[in-house]
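Order of writing sets the labels: A, B, C and D. Residues in every chain begin at 1.
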Amino acid sequence: MDAIILQILNGLDKGSAYALIALGLTLIFGTLGVVNFAHGALFMIGAFCAVTMQRLLTLSFETVDPTKTDFLGKPMKIKTHYVEAWFGPDVGASLVDWAVPLSILLAIPVMLIIGYVMERGLIKHFYKRPHADQILVTFGLAIVLQEIVKHYYGANPIPTGAPAAFRGSFDFGQLLGFDPNVIIYPYWRMVYFAFAAVIIGAVFAFLQFTTFGMVVRAGMADRETVGLLGINIDRRFTIMFGLAAAVAGLAGAMYAPINSPNYHMGMDFLVLSFVVVVVGGMGSLPGAVAAGFLLGILEAFASMNEIKSILPGIDQIIIYLVAIIILLTRPRGLLGRKGVMEE
Amino acid sequence: MSKTDVTRRGMLKTGAIAGAGVALPTIFTASSASAYTNEPTGSSVTLGFNVPQTGPYADEGADELRAYQLAVEHLNGEGDGGMMNTFSSKALKGNGILGKKVEYVTGDTQTKSDAARASAKSMIEKDGAIMITGGSSSGVAVAVQGLCQEAGVIFMAGLTHSNDTTGKDKKANGYRHFFNAYMSAAALAPVLEKLYGKERRAYHLTADYTWGWTQQESIQAATEAMGWQTVNNVLTPLAQTDFSSYIAPVINSGADVLVLNHYGGNMVNSLTNAVQFGLREKQVNGKNFEIVVPLYSELMAKGAGKNIAGIVGSQNWDWKLEDEGTKAFVQSFGTKYGFPPSQAAQTCYAQTLLYADAVERAGSFDPCAVGEALVAGDSSLPGISSDSNKGFLFDGLGNGQTLYRSADHQCFKDVLVVRGAENPSDEFHLVEIVEVTPVAQVWYEPDHPMFAGGELGQCNPGA
Amino acid sequence: MGILEVKNVNKRFGGLKALSDVNLSIAEHSVHAIIGPNGAGKSTLLNCLVGKLIPDTGSVMFDGQSVLGRAPYEINQMGISRVFQTPEIFGDLTVMENMMIPCFAKRDGAFELNALTSIVKQKDIIERAEHMLEDMNMIDKRNMHAASMSRGDKRRLEIGMCLSQEPRLLLLDEPTAGMARADTNNTIDLLKQIKDTRDITIAIIEHDMHVVFSLAERITVLAQGSPLVEDTPEKIKGHPKVREAYLGESA
Amino acid sequence: MLGLDKKDTTLMLVVAALALLAPFILNPFPEGSAMAQFNAGYPDLMQRFAIYGILAIGFNILFGLTGYLSFGHAAFLGVGSYSAVWMFKLLSYNVIPGIILSVIVAGLFSVVIGFISLRRSGIYFSILTLAFAQMSYNLAYSVLGNPSSNFNLTNGETGLQVYASDPQILASASAPEVPHLFGVAMRSSYQLEVGSWLFTFNAGYYLCAVILMLSFYVSVRIFRSPFGMMLRAVKSNQQRMNYTGLHTRPYTLAAFVISGMYAGLAGGLLSTMDPLAGAERMQWTASGEVVLMTILGGAGTLLGPVVGAGFIKYFENIFSKINEGVLHQWFGFLPDGMESAVIWVVEHFVGPGWHLTLGLLFMLVVTFLPGGLVQGGQHLWRLLAGKSRKEEHAKTETQSTPAE
């Protein structure tokens, strides 16, 4: 029982990441009809916003300490963080400690700008082009973004810890009446889940309750008609693209403490997130979210020893297997609309 | 835009044949006149450095490349000479190899056996490389080693830790300086016993591919031999990035040690996840819960950050060793690049020097003669009585006295057991050396079951 | 006994009853029009005839054989061709290629793996297609990209493609919808000519009364999913029920 | 000639000439010159050009004609590779059984995957094929390749290879211990020296080249056949197909299987040239690569996919090998400061930066040469030649239909 609850928690957590990426991907599919292979790269850039924030906060000046020597036997240079010099060691250290949450402040404007530039500078010219061309150009862009990040940050993962207050685990089981230390779950992963829930809720509320959202939803359903109403749908779509980029970026920034970011993490997520979006059904936001959580939970269950001992290697293929079964039983995924990306 | 670097076949450079030549039947690029593949006939010789330049191991590849460039400098008599000065064999004179200037070509393995073989082939076929070296994974090492065997050039393996490289998949033309999974396990077991006691229950997470399997098999055998129990061994997909669903079952499994048979990004993530789940603070069976990472590297330590504090593993070499060879190498590398070398860099540097030295001693680039020289002699490691304790004995390349064993082309030397530092003084002191396990303890016979099944076969000169 | 016999056909979409107890008989060699206000179930009925939808109950017999449960391509192979409201042609192909495809379908059936013969060698098909293009008065457009033609030309092409299969029943779904008057009249002339010169039955769904009364020999009026009346055009014109159900709505 | 019209015959002759004279064409620079770095006329790369050309030609039959974008073609490549190596292990190093079996097995595989995946269209189809290929890859890498288990089909990460202990029941003592065609080793080469040029004629390459020409010929025939026209019709309007009495599923399945067999053939040839089959050949990145090759060159054009394949393989193998030392040679003539500045810039695009160059290339080509290198190139050529648009239009009509 405890094992199952733990795997459900894991599944929700994995699902949060899938759902957040898939949500942005679907927004772009649904509103703009663009297959964005660079979406994983946006997630990666978000994670590197956290890394950058950490780097900014740990910018240091060097002083020479003649009493110590470095590995070459020369006098050692001691690095002091500017923030510690300016705000005192305590405030400075806690600022550094809180780098990841603070990076949200960096990630939002950066991702909005990247999204805006990407849409106006590149994607805009590909709305009427075949999907194949969209794939080629966005894939090229993804490679370019990746290589730029690799050039500045290297290929090795970069540890980006959560604030000390969120390290360690929460005894979840005691809440449910289990013995202590049976069902424990890391604080930061719970933060991530809550964060994902807030973002998903905010996006839905935005689309549901604002005029802007209403127009965009109408545009998703029937772009031409909305265009005929004299509404400047293009400008709104640009904003949607920025929003999708911001969602991906925030998902990435907050993900940094869970797994150390590296430059190719976007590609690792790209294929999975496409599977999630399609299983959810093209053009359906709730579908993308539901599929994200469903696949996350199934993946967590498939990695349980009890299941692996019956079906060796099932954890390697579970997502794909489920995707095949769902697509064969439900032609348009869980909640897909007819005619979207079926040609 | 001068001259003729980095291209093939000295024969052409001498310009002996002008006008339309005769079509000559050849295998690979050895012309009928030469006795072996890519016989250098001009004033230079080309080595092929095949390292990962893209993909997750690109940084490791970059460090390997730095070491190679340094080695080439030293061989050509530039720079401070590095470990050439401390190397016990004095055959190298700093005038290239056999008087020929050393040149090199580089390629990208992408950490894929296909791409690595393509890159190595291009070095052999297009650039006339006489020796191929490098790599950062065992799959690639085995693949390229097989290719070099067929092509008739020497392969000096880079970072490859699987038992198979000099076990099941060993080849006459292939040579490994790096240690292997068995040695890691043999070195770790006594230290683990000393640190954590005999009564331990271990839970293994193992990367689901060749290296992971041999690593797990080795460490399980070694720890069980000293009394540990193995609670479970769970295979994890290579592409896995989030290990939470594999870590969670550990919590209530009754295990008090977690062994992470992971490398690179896998290890960084699984360790980070394990620490997140509070395993380091856990008490099980009245003991502190411990995590063991059998194979460490500086880059992994860097990637995992604070999570490695106190976690034990093994290394082939570390720049903090105190011997003369290490000091010379660190000085030389650090001066040129500004930071200390990684173990991948050291093994690549040593392999290049060992190759060059063997050529000098053999007096020829013929792979068969070079191969013989690489493991030549009846010298043996002291303190080990075994018929297979035979090969080329050397010192001064950073690992103390080392035997290049002729039976399987594996180097035998001391193995380091290291631990993640609690409070590293800087980014170069992430790990500290716990113990240098003497070579006698990691010795095994060539027919050990974990290494059985392969044949070295005959050396192939390619002609 | 008509060539097409529809008996007691019912079709529901969730709570909505789209067709209820539809009975229809189309006599061979006649031109039969089905009219009715929006939402009367005309398109649903048509889709049931060609295999796109399967009725909940009832039977649809074509020339004594049931069409129910057969895929559209099988029903087509039985001899029913359909012209769509917006012309469905192969836009990426040339006009000539468009015309050749149904000729192949007629000759080779639903599938033929003739991957290594050249099109150029298919003399009989080329001849047929050219002949039909001449009939349709489009031979000069043979090398045009089909998508780049006018709507009227696309319609002609589509009808030509259907005819080249020599169907026994031609179903037309609002063939003149969205057409200019001149194009509409051309289409009427074309259909008249087809009726006069070919061994064919035509069923037509139409909104445009001008078209209906110029062509139809019999008319079925559909309202709220079931047939209201069936009669000759003259009788239909004056029928009070029709005026009420149909004209009242469209006015 | 051979059932082709004049234009196609010319095209076929051009391809044949390019394939047969590749050792000359790809080695334009003399040995030892600084530009020799750009020579591609060595056996391994020439073989790869031909093999990936075959793969892309086959992929184009599916994607270019029917518009069905398979994201799992690497599975067939991998299956073909494994089949060929198994033939080497069980029978002998003669390449014929290996190549034949690779085509058959890939064909069977594609019947199964195609039958299921083609029940859906559009992106749903793409994801189904992707899912099948990723499952194959993951299983081949781990569960199906554990040397210590009884069922070691793929030899996992190391890759399937021939061991001395393998049966090889048909091996004769006289035949070479490497893949060979009735005794001619695939890696044997003749070299021709002309002045300071050196040209290599490799047996394996010529086998690949001959098969490439055959594959190209078959592809031309398919493009010009009624079947090919039906496939284009599927892409254009499936609804009309159905209401014209044509069953689209067998057409798409046939195209899928043909293209899967091409991929299997390419996989078999890869093993034939180099008898080690690694699981990475089945990874999604490999599937993506053939998609990129086809689109880059021009989907739906006859020559495009081959051009695209050559382009990508050239960058992968040539640009990745340019290192700092080479750059210093090239720019050594510049004054010191300028030299390091130029090298600093160029360095980003070569060696470890070859991915960046490729990514930029994708973006530039698709932005400025819509329709891919071949169509975009033709377009550009006509613009430069100053022909009127009408003429151009008339020309494109007689050509195969452009992508989508």
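Here is the rule we go by: contacts are C-beta pairs under 8 Å (C-beta built on N, C-alpha and C of every residue); 3 or more make two chains touch, one makes a residue touch a chain.
Every value quoted in this text rests on a predicted model; they were computed, and no experiment measured them.
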Most contacts overall join chains B-D
Ranking chains by how close their C-alpha centroid sits to the total C-alpha centroid puts first chain D
Note, CA centroid farthest from chain C's centroid sits on chain B
Whole-Å distance, C-alpha centre of chain C to that of chain D, is 46
Dist(centroid_CA(chain A), centroid_CA(chain D)) in Å evaluates to 34
Note: chain C sits from chain B at a C-alpha centroid distance in Å of 74
So, in whole Å, the Cα centroid of chain A is separated from that of chain C by 52
Residues of chain D that touch two or more other chains sit at 138, 142-143, 355
Multi-partner residues in chain B (2 or more other chains touched) are 58, 208, 235, 237, 239
The positions of chain A in contact with two or more other chains are 312-313, 316
Chains touch one another in the pairs A-B, A-D, B-D, C-D
Listed in rising order, the residues of chain C that touch chain D in the complex are 50, 71-74, 76-77, 81-82, 84, 88-94, 97, 100-102, 104-106, 108-122, 125, 143-145, 161, 165
Listed in rising order, chain D residues that touch chain C in their complex are 3-5, 218, 221-222, 224-230, 232-233, 235-237, 239-248, 250-251, 254, 258, 394, 397-398, 401
As the complex stands, chain D meets chain A at residues 63, 67, 69, 116, 119-124, 127-128, 130-132, 134-135, 138-139, 142-143, 284, 288, 291-292, 295-296, 299, 348, 353, 355-356, 358-363, 365-367, 370, 403-404
Listed in rising order, chain B residues that touch chain D in their complex are 1-9, 12-13, 15, 17-21, 23-29, 31, 53-54, 58, 61-62, 103-108, 112-115, 117-119, 121-123, 125-126, 137-139, 142-143, 146-147, 150, 164, 168-169, 208-211, 213, 217, 235, 237-239, 454-455, 457
Interface with chain D, chain A side, in the complex: residues 35, 122, 125, 129-133, 135-137, 139-144, 146-148, 151, 271, 274-275, 278-279, 282, 312-313, 316-317, 320-321, 323-324, 327-328, 331-333, 341-343
